[in-house]
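Just so it is clear, A, B and C label the chains in written order, and each chain counts residues from 1 on its own.
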Amino acid sequence: MRSKKLGVSTPQTYAVVLDTGEPVLDKLREFASAEGISTSHFTAIGAFESVTLGYFDLDQTRYLEIPVEEQVEVLTMAGDMVGSGEDRRIHAHVVVGRRDGTTRGGHLLHAVTRPTLEVMVTESPAELARRYDETTGLTLIDPG
Amino acid sequence: MRSKKLGVSTPQTYAVVLDTGEPVLDKLREFASAEGISTSHFTAIGAFESVTLGYFDLDQTRYLEIPVEEQVEVLTMAGDMVGSGEDRRIHAHVVVGRRDGTTRGGHLLHAVTRPTLEVMVTESPAELARRYDETTGLTLIDPG
Amino acid sequence: MRSKKLGVSTPQTYAVVLDTGEPVLDKLREFASAEGISTSHFTAIGAFESVTLGYFDLDQTRYLEIPVEEQVEVLTMAGDMVGSGEDRRIHAHVVVGRRDGTTRGGHLLHAVTRPTLEVMVTESPAELARRYDETTGLTLIDPG
């Protein structure tokens, strides 16, 4: 365990609303880029017309894709954005609800909004870095 | 996608604790009204003695009801309150956990607390508005 | 329902990152103790190599254990830490995602990190107390 004091938080906060047809990760990247935000975390609720979830296979060191090809409620979406420009990484996990109330969830690989996604973004008072992890091939937050 | 800078956040935050038998949405509305809060977002954990979940059917433009008539853990509850008085809208999504660890989730239509629900409410530095969406009949957050 | 105004929030916020093999509750307790934090709340995403979930049985007034003995994505983890020293209580609920995208969730009894858990901790501007609840035998947050 390592931790980093991010500082007294008087952060900029943003409400970001995505509309029907908008791809979630692309739009969040566009938002962060336009506002010049390098480190932030977010939560969201809303709905997707479809989503591809990921499960990280530690042996294969890659995400297995779990497509959910149906309209679902976004019950939770939580994650962070770290870095800037081409190096900006968005890490988000979601739980979605189906027509019968059962749920699916995983790492967010791809999702399209319908009809709305309400994202609350909180900028971090300090920047965080990510480092490449050789064991998994993932880039993990490094408070170091 | 539209976004709104909510401003530097030195928000009032509140811990709201609901007790056995208390209806969640009514009590949150009562709390927001008493404190004079117009825009806020919240997260919560706790447990319900029962809950009615909703899944929004885009063709019928209405929520299908999914009753869960059993004691469940509230694994996540996330949402926002926008507006004041009769126009106050609470939008919340929940994931609940059953006795065997399986989950159900959806839009929160109705829930009764047992034995406790711990809600962390953060007031927004700026007000948000909702607008009526003709396609769905929903009132969606409009950062416009 | 009772509530407590926690005060204008210019809180210390922390990014706490747990690594492979680290037990979640022990490490969070260690972190809070080292930083001298008495009341805080947190959210997290990441992954566990295994987790034991709990479902509170109101008749038996104890948590039933639901072991999940497999690598899972941590889709949401939300909770709070209240008190200090031996009296510090961590209350966390989690939803985890399995290889096929199905989910399990409950009260967090025990979990081991793999490969990472990213926890965002927000210190509360005011302290909260917990009180012993005779009906359930639980210690619940008491906004007094």
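Note that contacts are C-beta pairs under 8 Å (C-beta built on N, C-alpha and C of every residue); 3 or more make two chains touch, one makes a residue touch a chain.
For each chain, UniProt lists the protein as follows: A, B, C = DNA-binding protein.
Owing to the predicted nature of the structure, the values given are computational and were not obtained by experimental measurement.
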Exercise for the section: Could you draw the chains as nodes, link the ones that touch, and say if you get a line, ring, star, complete or other? Expected result: complete
Handout entry: Angle, in degrees to the nearest 5, of the Cα rotation that carries subunit A onto subunit B
Key = 120
Practice task
Would you mind pulling out the distance in Å between where the CA atoms of subunit A average out and where those of subunit C do?
Solution key: 21
Exercise for the section: Name the residues of subunit C that each touch 2 or more other chains. Expected result: 9-10, 43, 76, 95, 103
Handout entry: Complex contact set, residues of subunit A against subunit C
Key = 1-10, 41, 43, 53, 55-58, 64, 66, 68, 76, 78-80, 91-95, 103-107, 124-125, 128, 133, 135-136, 138, 140-143
Exercise for the section: Spell out the part of subunit B that touches subunit C in their complex, as residue ranges. Expected result: 9-20, 22, 27, 30-31, 35, 43, 45, 47, 71, 73-76, 95-103, 114-116, 118, 120, 122
